[in-house]
Amino acid sequence: MHKLAIGVLGASGYAGRELCELVARHPCARLVFATASDRQGSRARFGGQDVAFVAAEDARLGDAQLVFSALPHGASASWVRAAHDAGAKVVDLSADLRPGNGIALGSGSVPYGLTELARDTVRGAEIVANPGCYPTVTLLALLPLLVRGLVAPGATITVNAASGVTGAGFTPRRELMFAEVADDFRPYAIGNEHRHLAEMRAVLASLDCDADLIFTPHLLPVARGILATITVPVTEPLVDVLAPWREHYEGEPFIEVSAEIPSLRDVVHRNVVRITATMAAGVRAPTVIIVAAIDNLVKGAAGQALQNANLLLGLEETMGLPV
Amino acid sequence: MHKLAIGVLGASGYAGRELCELVARHPCARLVFATASDRQGSRARFGGQDVAFVAAEDARLGDAQLVFSALPHGASASWVRAAHDAGAKVVDLSADLRPGNGIALGSGSVPYGLTELARDTVRGAEIVANPGCYPTVTLLALLPLLVRGLVAPGATITVNAASGVTGAGFTPRRELMFAEVADDFRPYAIGNEHRHLAEMRAVLASLDCDADLIFTPHLLPVARGILATITVPVTEPLVDVLAPWREHYEGEPFIEVSAEIPSLRDVVHRNVVRITATMAAGVRAPTVIIVAAIDNLVKGAAGQALQNANLLLGLEETMGLPV
Amino acid sequence: MHKLAIGVLGASGYAGRELCELVARHPCARLVFATASDRQGSRARFGGQDVAFVAAEDARLGDAQLVFSALPHGASASWVRAAHDAGAKVVDLSADLRPGNGIALGSGSVPYGLTELARDTVRGAEIVANPGCYPTVTLLALLPLLVRGLVAPGATITVNAASGVTGAGFTPRRELMFAEVADDFRPYAIGNEHRHLAEMRAVLASLDCDADLIFTPHLLPVARGILATITVPVTEPLVDVLAPWREHYEGEPFIEVSAEIPSLRDVVHRNVVRITATMAAGVRAPTVIIVAAIDNLVKGAAGQALQNANLLLGLEETMGLPV
Amino acid sequence: MHKLAIGVLGASGYAGRELCELVARHPCARLVFATASDRQGSRARFGGQDVAFVAAEDARLGDAQLVFSALPHGASASWVRAAHDAGAKVVDLSADLRPGNGIALGSGSVPYGLTELARDTVRGAEIVANPGCYPTVTLLALLPLLVRGLVAPGATITVNAASGVTGAGFTPRRELMFAEVADDFRPYAIGNEHRHLAEMRAVLASLDCDADLIFTPHLLPVARGILATITVPVTEPLVDVLAPWREHYEGEPFIEVSAEIPSLRDVVHRNVVRITATMAAGVRAPTVIIVAAIDNLVKGAAGQALQNANLLLGLEETMGLPV
């Protein structure tokens, strides 16, 4: 069978390696290059395939029908343009082209690839901005309430999220060493200082939601996974609290709505979001508690990127994605 | 030197063992009995001292000047009474006598031993109800706002807390086995179902705070420690946000207020609470984010119990407590 | 396509669940029953398939073309016979029918399913005794030296192995709780007291090796994986030390011989053994150090069992097995 | 009370920070400087005391009565000399002056500070070479057999040891990041390539033991602790196998001999070695299995260094050391 040619820019980080692994195991794709500026010449195995890292400058962008960019924020946009100019479709995993970040690629806008929200736009696009990991889990958790207008006007939505350390990248730093992270747990960027807030706020605004967001990320002593616990004041008590999610996501292959409380082990190494919700007891303002979990490297990065790539390439959306 | 005689009821669980360890290392105390219904006859070492567990029925309660009860909720109150009838002062670590739990010990009320709130009442008491681990960290974090009337009227306070697994006890259960907890993270009792809520609400009410509470506990893949991330709508923006905590807790030996974000490793094996606070940026309703951390077995259980015991016995409050 | 009917006895333990997962994802098999005496009536999901546990007594053994028994040692042999009498082929994961354990199933012997050693015997069998996890990694590591007569006569082979806690089973026990295992490491059954020794010695003897074994297992604070470090006095220095392994295992789909030192992360969730070897420097008696790693639940249990089942059923040996 | 002035060179690594913590809590010592070339100007808290790191060049060596050097191997020896020339006694935690490393400090030899072996020599010394972590646990485990001549002539002693990651230092490296170490286990320096072998062999030779050593270190997914499992062919079966250890270490404050198998949790944060031993069953050559455990940062580094410093300074050997 003829396999589609895929390239990966920034292949040596955690998201990049996950991309290479998914591409190498994809039934209709093959990896034509993997760039890693700090490791050029070294080799790695992905899906049983031996791959040599090259410098981005040496990658033959034009050989690829689709290029993933997992380059760092700031460095990605120009490579996205170069790959596109060379004739490839592009999924950009960096924040550069996401809403709220203010970088535009010439004329025309780049769709925000939260697939379950923007599937139709993505399908016809040339370039897609893949969502951040925290926005993915947060926005997919909130979407059914947002589109139904169930969030109380002027409300404050509180998002507490905890992520495994692969979310912090593969560059060696003291605070990411094993002996520093093990047995510990701590928030960071408290007081609404995380850069993912702009992305989440832009999407909320685009859906006519005027709620304020308070977002506090935490670092977990685990390698993978994000779990978000979200409190949302709603316009009225929801009698069948899960109904908005069950209806909204009916037939979605990668969204699991359940009365069971999600946990990281339910979702790691899978391209899914698991969601539950319940009404808070004993409070005057009707409030929903939502819990949602993803694998930050799969549905929160490489998996969703491949989901978008499948759409760009006219393939089955679920192809090559672990469930 | 003459050492005070101390007994521990329920000594084989995590809190009970921590109590025995603290008593064995205390400069003015000695352990006269340690009961463990399921392990009578077996021995353990605490502070270099070899101790034999006995059945509670065989403990000579009258030999102790002070008894700690770390018996299970429901089973503790009657033993507290028995120890008191035998002439001992008692610190009860169970929930039985805490506010909001509705058990009373005959005439007279038992003070709630959140030491930094109730030091003077504790000093003159015969029996003290030691606070739960989640209420300890939550209430000490909120106290400066509560007593200053800074919580916005009718507000909803959101408490997200995460605890190490020793908080779930030492009885073997499948969901507490290593291979189930490692690499995982999950909330439980979502929707305000945790039994510690009654205790927290009772204290808030006693301080004339009408706020609603939403409390969501989580299970962390660590042995020890609790970290709480709390959002509190306030009456007005706090210019010097840490000032209420610095003022309120000035001179307190076990409370550390800092601009640094606390983490579990700052507090484990220590009888302290570490607290920081910041205003949330980019929201219309002025809101404070507080982060506080304790060791659930020390300041959240055995350490605070010993702090109270020191007061009951007329000793220096800090004696024998690790900082 | 017609799928072969497979039953699993003892499906609620770690090995049993791994078996159900592998069967549910197998391209040519389907799960017809899964028994769990302590969980009958409860349900679980395997490979996206919803499965109800039944009591072993209620399992229709005759509906299965092949039955896996992951029942406890001692309880398994009679069910193996019952399944065989009902017409099924059987792979027994318990120790009951392994060499050195002294249980025989009427007339005829049951082959020991160390697949790479006994492939041809397994292929024609009705019942197979699946090897233990420690023997699998140890014997596959030693095999090339054994069959070439390279072990020094009268030598003592020292095996130090460390296993993740799933190797200790899913029955709740205090010493397997998270807070007891985390941050710890310890040997057990020291002094050659582990029951797997009989199995290893029997295989060594069958290969005419007279070496003594010293086997010390250790418990690791990880969920999965076994790594064995083995020292073997040899008849002469091996110039190309990896040559015996490369030759012996040429073409084997599940054995990876490499100059890189194996680690658990190389093998978890995969049906492989990774092996390296080197000569010890600075010693008078020529000695090889072998390091080998497996996933105790895959190549050390359910994966090897499925590898054997594929042979019993006339399927491709590698079918449905993760590499 | 007058406190002795202590300086720490190389205070920002794991061993250096442990030293600062021990000195700050020592009843008769105070920290007069702590150097950290990469962190000068930054501050840290040790034992409740706020300390500013300075460059080694700015440390007033002459202000200290005793200096600990936790500088890297190779860089330490010249600073040891400088501190000694300035009038301080010195405990060097680097390998520079240990036996087998070939660096000498002018005339006179520096005693090897394995305290339980060399207490009397240390007491009168000016400079002490503190043992490495692996040699400490290995040699203290072997000592009773060595001095009694119980090791079989020409034998091969096999040492398998596993260490927490703090043993690999505090310099950020990819292979020490949390997501790389968690859930993993692997040996390194296999084939007798570890630099601690020279130190162990030199001590064995000094005790007239002609045995060969095979030493294989492993990296554990824990922060602290070393456990060694050692097999030793002996001249004859030991009837009372623990007797050599009980006799040899009678009265030693930091050595715990027990029939219980040691584990890391028994020793972390304590300046002790725990040891057990048993005869291997079912082998022809009588062989002892010894298991010994230490905290690599305490008895394996900073604790033993302070034990030696107490002797150099004429203090009680156990002062300030956690048991």
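For clarity, chains are labelled A, B, C and D in written order, and residue numbers in each chain start from 1.
As a convention for this text, a residue touches a chain if its C-beta (ideal position, glycine included) is under 8 Å from a C-beta of that chain, and two chains touch if they have at least 3 such contacts.
Owing to the predicted nature of the structure, the values given are computational and were not obtained by experimental measurement.
Ranked by how far their CA centres sit from the centre of chain C, the chains are topped by B.
Of the two chain pairs examined here, B-C and A-C, it is B-C that is joined by more C-beta pairs in contact. For the pair chain A and chain C, the distance between mean C-alpha positions equals 38 Å. For the pair chain C and chain D, the distance between C-alpha centroids works out to 39 Å. Averaged Cα coordinates give chain B a centre that lies 47 Å from the centre of chain C.
Listed for chain B are residues 180, 182-183, 221-224, each touching two or more other chains.
Chain A makes touch with chain C in their complex at residues 48, 182-183, 323. On chain C, the positions that touch chain B within their shared complex are 14, 164-166, 170, 172-174, 176-183, 221-224.
Remark: chain D residues 154, 156, 158, 160, 162, 180, 183-188, 190-193, 197, 201, 212-214, 216, 218, 220-225, 227, 229, 231, 233, 261-265, 268, 276, 278-285, 287, 289, 291 touch chain C in the complex.
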